[in-house]
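Right, I'll just put the structure down here and ask away after.
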Amino acid sequence: MLKSAPMSRHLRFHRLALVGNPHDTRVSESMQTLAKHLLAGGRRVLTEEANPVDFGAAPVERLAPSALGAAADLIVAIGGDGTMLHAARLASGHGVPILGVNRGRLGFLADVGTAEMRERLDDVLAGRYVEDRRAMFRARLLCRDGAEKLGEALNDVVLQKWETGRMLDFETWIDDRYVNTHGGDGLVVATATGSTAYALSCGGPILHPGIDALVLVPICPHTLSDRPIVVSGSATVEVRLVERPNTRAQVTCDGLPLGELEPGDRLFITRAQTSVTLLHPADYDYYRILRSKLRWGRGDRVGPDT
Amino acid sequence: MLKSAPMSRHLRFHRLALVGNPHDTRVSESMQTLAKHLLAGGRRVLTEEANPVDFGAAPVERLAPSALGAAADLIVAIGGDGTMLHAARLASGHGVPILGVNRGRLGFLADVGTAEMRERLDDVLAGRYVEDRRAMFRARLLCRDGAEKLGEALNDVVLQKWETGRMLDFETWIDDRYVNTHGGDGLVVATATGSTAYALSCGGPILHPGIDALVLVPICPHTLSDRPIVVSGSATVEVRLVERPNTRAQVTCDGLPLGELEPGDRLFITRAQTSVTLLHPADYDYYRILRSKLRWGRGDRVGPDT
Amino acid sequence: MLKSAPMSRHLRFHRLALVGNPHDTRVSESMQTLAKHLLAGGRRVLTEEANPVDFGAAPVERLAPSALGAAADLIVAIGGDGTMLHAARLASGHGVPILGVNRGRLGFLADVGTAEMRERLDDVLAGRYVEDRRAMFRARLLCRDGAEKLGEALNDVVLQKWETGRMLDFETWIDDRYVNTHGGDGLVVATATGSTAYALSCGGPILHPGIDALVLVPICPHTLSDRPIVVSGSATVEVRLVERPNTRAQVTCDGLPLGELEPGDRLFITRAQTSVTLLHPADYDYYRILRSKLRWGRGDRVGPDT
Amino acid sequence: MLKSAPMSRHLRFHRLALVGNPHDTRVSESMQTLAKHLLAGGRRVLTEEANPVDFGAAPVERLAPSALGAAADLIVAIGGDGTMLHAARLASGHGVPILGVNRGRLGFLADVGTAEMRERLDDVLAGRYVEDRRAMFRARLLCRDGAEKLGEALNDVVLQKWETGRMLDFETWIDDRYVNTHGGDGLVVATATGSTAYALSCGGPILHPGIDALVLVPICPHTLSDRPIVVSGSATVEVRLVERPNTRAQVTCDGLPLGELEPGDRLFITRAQTSVTLLHPADYDYYRILRSKLRWGRGDRVGPDT
């Protein structure tokens, strides 16, 4: 999964796209700083056309989001892991890598701090980075009437109850084998990348990014033995809703609504053709980020300590 | 909490109300059977006015739901624990006890099976039962504009995200002391009675019904150390929503929507003035029901067994 | 549970006992500092006879541990919550209160930091503190042959497998009612005080110290629905071991071995006659300590944060 | 992982070894029944030399356990999953497959019931079965003094506190990268096969047997965010004990003690060269066994059911 930078690749990091939530002033200021820095270094700077950040006289090029992935050599995503998910959607299918700059605490995906972002970016431009390819997954919601909706996810595809206090009843199937009929608030189907996001809050395990796997994590399951299952990343996961009065169920991909799942519909989750490449500083250490994010270590223990 | 039947009380079990979901044929058939049985025994039989069950020539009296609690000496609730919650709302404030007949597997609250319901009901009418008083709790949603909404709950008051895939941010306060700012899908504030319902699915403990306590159970909390807290039943729990874009939060009492909680609103949960009295067969054993419902026992273990 | 200092009581804080692990230099230095400070203020200073700390010429009185509780007006326990448990054993039955000075991070019980210990102690001596009475529980191990062993616990009584990789089989009874037959690594019976110690690591809930309750938390239970149960503090909990080849089971009280539990023996846990009084600074806030110990709060969340 | 029986392989199922716990009369009776059945069918029957079961005049051949794996074409293990672990140790390195006959409820590994064992065994002898290859893992305990102990596991390698009520402090390393310093009762390193055994009781996820992975599951961790991590099956997991007074730590492989881990020692867990082949009936369905063992399904839910 992790590879050192290929010798020649960084030569083509000429057009850099800056993305992020411009309504966060820490983000907009970082964008201004980076744009200036990159232009001074002779690079071209792109951004989304609706981006309201004022770059002054700097020749920042504004493109439609759908055009950004094709036009950029590197996407610099400024914000938190949510911004990384947005960048992943822009990058999907174009092979353009993403570097994540975190505006606050380090994130699982955005692991460059604001204080050091210029140096780190220069390192990347000079070829000092590691590449980290992450699988994307595809959700296909096949409706009873034959219509279908497609979504992509880097983190997770989630089925959840919607505008109701009542639990859902749904069936899971893996590679056409019936697994279980679940009652509860829904199901998270997470990638290794997403295993440290919502799935973790629902009681799922951490999957090392080097694992080719998906994890199915039931949300607040009615049956207490209904536990997370880790299956191969090449599996096809299918979910069907069981008829139940007064319930509604929504499918989301990386937090964005894909559509409602109704009895008779079928939701399929499989690996996508595309993947996303993250760039990390050369001293990247997955476990160090894990320790930092989960506050592991001696000082954080609960209970009597003699 | 548990008391044997007072010597004289059962003498007044003259007017019996039958409630349940009439669209479940097992329920409607049980209603017909019980109505006939009770009328033959010289009792009066009441039911909700909208109840479509055909009692034939039998003189079943139909009343508005709001009048049923005052008119009945005993409510016989036929269905599952959900029907018991409905009966509790009818009984609230009238002191009328409830006997639960379960149409399927035994429930935590409805613990008389259909096969034995006539004998068990005769036992009750003859004074052979135990009384089990359960506290009700009150939810008071105080809006910024001064409006307020009131609800009652036997099981739980739940704050949950509503029509959104995004987590909520909310604060909890107990007896005016700040407890925590939580991120996650919401919060269950459950009574001992409700501790074996939704709260259990969310990771909460079982509270014995003899305990005067509430338990606050965070739903899929973002912070992994955000664990259930058990507080005194005389505590005032307060919940406030923290502003966050694109989130909506709903409050439900025993599964029924009370209203949305918005930033600036305050939700208070305190013990209600009223309580509910359940009647159980004389050999009632809380732990036996627990074992049955949670499938405890040797045969149910997972893992290697030598 | 929490009370302000009674007007007259502190007048009698004349003889102060210093206890702690003298092999921790932070502890021994704090002992020296406090002894000097207290003697300068005209108090008498006591310590355990085996305490190797060098107090120089200071007239520190050394007593047998068993005599310390009777001789002291206040025990100052320096260390972590483990030292507090030791102090609780010294104090048990003598009514002498305990003030906890934490040598590192604040503890649940030892909530005065080293930096401020002199000022806080002066506050206490001047009557500025709150009293916090915590129930002690008694473990009674009644052997088949009639012999019995007694222990006391402020935190928990634990049954655990001992020198074996094989799980235990044991039965629980509450107030002479059979509850369940458990398979697993053992059982924690924790007080509210102990609910934030080992019981929490085993998946138990937090019990507010104001709750009169015990919680039974199975350790790594074989049956996944074998969940923590909270029962009244006035309950009698009984545990019996089921015969099983190659298993051994040990009972500990606050971490100290009481004896092995064998098939035919009976272990009873009930409230003790005695209790322990902790003194806290006047601004004591249970939830603040909880937030600190469990690292609650915005900054500590896992997962994507947009 | 799952393969249909190769056309020719079953031709060599001529010498069948019967293993199991002979002190369980259900097991010894099954052994007698099967020995008779197999001998009548012209097969040779082997068993362990210490097996006290009386086979009468039947020519059952008794061999040293160490010779059984080499001598048999098929091991029939009668008992539960524990017996399967024993059979796996006999089979290890010899390539001889194992068929599991369960004397009670179906197990995860022993999935032929006693009632149907003759028919199922005939099916296998006739080539109607599926092969299921499961990875074995190797534990290597490298002591400070250079001595080393080796063990093999089909289910799990466990580090656990031993004859102590005090928690352990230990470090984990994966592929020479430092992961975490854990406090708690120990660590389960489980294979997919072992994920439904002890690891599940400790809060680990279910790993589908088709997954090439290990899961590290902390036992009652002190830090609540110390969650299970799933890593590649080709990873090297290393565990080191941190010095701590009054603690002892034992390493077990599939429940059998390997040796104590002391500060300065290093425990390595890696995939073994050998694997074990289980035979299943032709209609084998992993999820059906999972549903049965974990009691999944509608009828088993807790909580209100309307």
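Residue numbering begins at 1 within each chain, and the chains themselves are lettered A, B, C and D in the order written.
As a convention for this text, contacts are C-beta pairs under 8 Å (C-beta built on N, C-alpha and C of every residue); 3 or more make two chains touch, one makes a residue touch a chain.
Here the structure is a predicted model, which is why all the values come from computation and not from measurement.
J.: Compute the shortest path length in steps from chain B to chain C over the network of touching chains.
T.: The fewest touching-chain steps linking chain B to chain C number 1.
J.: Identify the chain pair with more contacting C-beta pairs: A-C or A-B.
T.: A-C
J.: Roughly how far is chain A from chain B, going centre to centre by Cα mean, in whole Å?
T.: Chain centres of chain A and chain B, defined by C-alpha means, are spaced 40 Å apart.
J.: CA centre of chain A versus CA centre of chain D: separation in Å?
T.: Here the centre of chain D sits 37 Å away from the centre of chain A.
J.: Taking the mean of the C-alpha atoms as each chain's centre, how many Å separate chain A from chain C?
T.: A distance of 45 Å separates the two centres.
J.: Of all residues in chain C, which are in touch with two or more distinct other chains?
T.: Those would be 198, 200-201, 222, 224-225, 227, 255, 294-295, 300, 302-303.
J.: Mind pulling up the chain C residues that touch chain A in the complex?
T.: The contact residues of chain C facing chain A are 21, 79-85, 104-105, 107-109, 155, 196-198, 200-201, 224-225, 227, 255, 293-295, 299-300, 302-306.
J.: Can you tell me which positions in chain B touch chain A when the two form their complex?
T.: 158, 160, 162-163, 165-166, 184-185, 198, 200-203, 219-222, 224-225, 250, 252, 255-257, 294, 302
J.: In the complex, go through chain D and note every residue touching chain A.
T.: Counting only chain D, the residues touching chain A are 174, 177-181, 183, 200, 204-208, 210-211, 213, 215, 222-232, 235, 285-287, 290-291, 294-298, 300-303.
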